[in-house]
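Each structure below is given as structure tokens.
In the two complexes that follow, chain A is the common piece, with chain B as its partner first and chain C second.
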Partner chain A sequence: MNLQQIRQYMPWIALVVLVALVGIANPGFLRPANLLGLAGDIVPLFIMALGLTFAIYIGGIDLSVQSMANMITVVASVYLASLGGWVAVLCVGAGFALGMLSGFVTTRLFVPSFISTLAVGGICFSIAQWLSGNRALNMDAEQRNAVFGWMIGRTGIIPNELFIAGALLAICLFIERRTTLGRAFKAVGAGELAARASGINVARYKILAFAISGALAAIAGLMFSVKLSGGAPTIANGFLLPAIVAVLVGGTPLTGGVGGVLNTMIGTLIVAVIRASMLYFGIEATQQQMLFGLVLIVAIATTIDRSKLRTVK
Partner chain B sequence: MYELRAVEKKFPGVHALKSVDFKIARGEIVGLVGENGAGKSTLMKVIYGAYQPDGGQILIDGKAVRFANPRQAMEKGIGMVFQEQSLIPNLTVMENIFLGYQEQFTRLGVIDWKAMAAAARKQLAKVKLDIDPRMVTSALSFAQRQLVELAKVLTLEERVEGDLVILLDEPTSVLNKEEVALLFKLVRELTSRASFIFVSHRMDEVMDLSDRIYVMKDGQVMDVLARGQAEAPEIQRKMVGRDIDREYYREQKQVPYDADKVLLELSGVGISGRIEDISLKLHAGEVLCLVGTEGSGREAILRTIFGMVQPAEGEVRIDGAVQPRLTPGSAVARGVGYVPRERKIEGIVSGMNVYENMTLSQLGRYSSWGVLAVGREKALARDWIAKLKIKAHSEYADCGNLSGGNQQKVVLAKWRSGGSRIVLLDHPTRGLDIGAKEDVYDMIREMSADGVGVVLVADTLEEAIGLSHTIVVLKDGAIQHVFDCRPGAKPSLFDLLHHMI
Partner chain C sequence: MGGILSRENIIRWAALLVLLALIALFTALNPAFLSQRNLARIAIAAAPAMMVALGVTFVIVMGSIDLSMEGAVSLAAVLFCLLFVKLGGALLPWGWLAVPVIVLFGAFYGMLTGLVHVRLKIPSFMASLAMGFVGTGAAVMITGGEIVRIGDSTFRMLLTWRILGYPLMVYVAIACIFVALFIQKHTVLGRNFYAIGGGEELAHASGVNVRAVRIAGFALAGAFYAIGAIFQVAKLGQAEAATGANFMFVSITSVVVGGVALWGGVGGVWNAVVGVLIVNVIANGMVVIGLPNFLQDGVLGVLVILAVVLATDRRAVAFVK
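Let's look at the complex of A and B:
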């Protein structure tokens, strides 16, 4: 087994080693209830990272996911009263449409995705501020429980979020491995020019990847607002960096084409363990982003395919 | 004064320079000619220090030298005027001229612009260019930029002791007649300051300017001719030289095409600056070869047919139907297949396996409701791996790890298995070894026999003549001549070259 093959399993190894390290330092960490609780708490982030995976898999990036989730918490809180369960459709539809907008700007106007999604993120943030009047909003607790209570309860000792995460992961994995959509994403990520020379409509698939990213960020936002029973324009701040870390640490490099959603699951669990360990080791919440920033740099430096880059600016 | 002795250069699978001897005297102009892949550019890279020879010696005034990089070669007086211009467009002319050598004008890290402008003016005077050195380079014409580049190289005169050798790589390719005449006059005058090595596809220009001509073929110097010693046809014969084996190009398998069935028709197709008024017909079973020098419009025609560029004028018809807004997707849907020149970048997706690559152009056929029928994909790949004897351990092999010949087979299988009836081949045998080339020739004949129309841009002229039913000769984006290439009545190399240059 050579280095290249080992690299493929690095995320798994990292996860096991981290869990073992934290487990040795704090045996209580390994209790099933604790582990399940940790996993349940990370689900909104996981869903966001799941969508982001598609944007990165095709060789782009979606920096709007955090603002998207912010905006959706507000939208959900504002319209739950009037729309009831249909608010979910509104949220996912808005995420999908704004993702398409990012994709459209990237492919038709030739604006690099890090800028187009940053701009769309700005739009989302502003919509959130405008809709909320820049205040924190609360959902009506009774209505929330009636409509979305199933999202956050427990079945036995298992948090319901995990079932939702599992279902979404299964759908994404199916798209990635078994559909023409997933195959086209892979071709665009691994060899965009060859995909084009095979007659694949590259622009359409790129737009779809950003749309999926937007839709999943919206689902993440919706779940977050249900969990917190409210929304605010900055409530999901602090999601973006860990979400990118989850995708990259999982093994989907910024250059795209390899890795995928299963990798992102491992990456998210690594993020969850790092986060939990910070509590055990007494690192304050205010310092967490520092560590994620460092992990991100290390993850990019070790996963990026430099043969695909001619210059870095 | 500058000399190469028995210089060798090898790359994986290619012996690029075979014991090359080369000499240039003070004030001499030496021409360098050869076909694509003859080793000209490798030789130039060895001369200006971009490549290090694997064997042999580089001598300057009889002393052996070794350059680790182009900068070291420059310090010994060897400068290169690049074909792809190396000036940075958003800098001023003087900044470009002294790029990397600004120290002479700096005091405490601040540049004395006046001194630099004065020095730049002196350099520009050498090439008789009367422009303000403070101009931004992008504002200059192409010919002016070429001269600035030459002026930049001539700064070596002040910097190094000893003689200058300046390489000119295809300096005339985008100049008009008057500009070429001016450049040649200037080069002749500058022989008082430097020796020149002149590389060009245009035989007449090489013969006009050079004191001696080195003819290269297959990495060897075939002959060295003094001025007036040889006529153009003789030099061309030495360039392409070898006997053509009829068997090699499967000529015995060439059968007449179906003249009643037109698959593809271009009428009056033009793209400004690239091709103009291109009209041609491709019939079922025909191999139509586009012949011309680099930039003559061959690639633009292929890309137009595949819908990658939109023609400004004219029509593309497939099966008699006009295709107003052709895209690669719709071209594929109408039965067009494209084997690009850049096999590793546009041909295969490295990182995807054999079956994923083969079905990439026909995902719709191997799926229902968007869900892939992976089992059928694998069966297809196994089938074609056996049929074309593709050397891959299985259908799961990453195409990026296959050899060039096997990659090309995968690309061809992609279009053949998809039932493409119009196949565009851009340098399909580039970089392949002989065995793999013959496999490709066999496949072209098989496609013809199946009634597929092939538009070919061949790697060499012999290949074009050997394989084609029809040859269309292009020059500067326009059709010069159309040859009928029935077996037994094929045009000669010199017939083609006559129309190409």
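Let's look at the complex of A and C:
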């Protein structure tokens, strides 16, 4: 086994080692109920990271996911009363459309994705402020339970969020591994110019990747607002950093082409375990962001494929 | 090229024309826009953002990008307040020391960003974004989520002492613009920024130490962020981990709208100045004519896309990530 092969399994090894470390320090951590609860709590972040994976997989980045989720919490809270269950369609549709807009601006107007998604994020933030009147909104508890109650309950000891996460992961994995769409994403991420030369409509697939990212960020926002039974224009702030960390730590490098959604699941679990371990080791929550920032730098530095960057700008 | 409508001329003057048109538009809609009080309001709002925009201009001219300003401003503001209080809580006799110390700290922080970017070979947008998270995180950690206040009336004179109707801060900001202009036009460093932005390999081949210049560019940007942070503290009289919030989007928008090209080598300090004024005139004008100010971020988002699109030379771009 050479270094390259080991590298592929690094995220798995890191996860097992982390779980073991925390488990030894605090055996209570390993109780199934605790682990399941931990996994259930991280689901909105996981769904967001799942979408972000596609944007990074093709070699781009989506910095709008957090603003998107913010906006969707507001949209869901405002329109639940009038639309009922159809509000989910509205949310996912809005996410998909705004993601497409990011992709369109990136590919057709030649704006780098980190700027185009930043700009679309600004638009989302405005919409959220406008719809909410800049206040925190509450959902009607009865209606929320009637329409979306199934999202947040438990079946046995398993939180229902995990079933949703599992279903979305399965769909994404199917897209990535078993469809021409997934193949095209890989081709674009592995080498855009080569992909174009082989006749792939690169722009169309990139737009689709950003649209998927937007749609999944919207689902994350919807679930988050159901969990909190409300929404606000800044309620999901703090999601962006761990979402990027989850994707990169999982082993999908910024340069794209390798890794994938399964890696993101591992990455998200690593993030969850790090968070939980901070609790057990008495590290204050105020230090969390700084730690994740440093983890992010290390993760990028160790995963990025430098042969793809002619000059590092 | 050639002719009055050449690409260069459009890039040079378009932003200024937009600024004048906006001022004319808002004045026509509400003459109070051009009142001295309102202009002073715009100037005060623009001063901290101007410093941040000047800093990031140097980085963008190099063809890199710096997204660390939110963390840098928050951290510098918090540290400035704490140090100021520690030095006696008054500008005299010792409080003033906090100013140079924090500007140096800003430069050091920018240098760290530059080192992460250059030494670890991480693309600058991600290296700086991560360093920004670290900065905000450090500010949260230091303050424990609390607000740090400065009550010294001598220091607050930056805001309260008015000359010809404009507070002292505005004059200091103008002085900083000239410093930035001097660095851009009359120093080797300034010209090297353009050399790298125009073509990194060519610059390298001509003997420019590309890595050192890049790190210096980020350090310079960090120093300007620190000045911006000090202005922000003077304006608000307090600092917290959220002091730098929203600086990233606004400053990048300003610089790009002003006509500094994202791929480097084009535009400079004047473009950034015009860009910051455009953004602040829009923000203020929307309030003056009675539009809700939350439309701002959306308008800026559309504006930044438009600006990049207009400034991009399609023939020169093979593909975009």
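Keep this in mind: the second predicted complex is superposed on the first by the 313 of 313 C-alpha atoms of A that agree within 3 Å, B and C clash if a C-alpha of one lies under 4 Å from a C-alpha of the other, contacts with A are read in each partner's own complex, and residues count from 1 in each chain.
Going forward, a residue touches a chain if its C-beta (ideal position, glycine included) is under 8 Å from a C-beta of that chain, and two chains touch if they have at least 3 such contacts.
Keep in mind it's a predicted model, so treat the numbers as computed, not measured.
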First (chain B), second (chain C), both or neither touched by A:201: first
Which of chain B and chain C A:190 touches, first, second, both or neither: first
Touched partner set for A:18, first chain B, second chain C, both or neither: neither
Which superposed partner A:90 touches (first chain B, second chain C, both, neither): neither
Of chain C and chain B, partner touching more chain A residues: C
Contacts of A:107 with chain B and chain C, given as first, second, both or neither: second
Residues of chain A that lie at the interface with chain B and also at the interface with chain C: 193, 196
Complex interface listing, chain C residues touching chain A: 63-65, 67, 116-118, 120-127, 129-138, 140-141, 144-145, 200-201, 248-249, 252-253, 256, 262, 264, 292, 294-302, 304-305, 308-309, 312, 314, 317-321
Residue numbers on chain B that touch chain A, as the complex places them: 306, 308, 327-329, 331-333, 338, 340, 342, 345-352, 356, 359-361, 363-364, 367, 370-372, 374, 414
Sites on chain A touched by chain C in the complex: 59-61, 63, 105-107, 109-116, 118-123, 125-127, 129-130, 134, 192-193, 196, 202, 241, 254, 284, 286-294, 296-297, 300-301, 304, 306, 309, 311-313
Chain A residues within the chain B interface of the complex: 178-181, 183-184, 186-187, 190-191, 193-201, 257-258
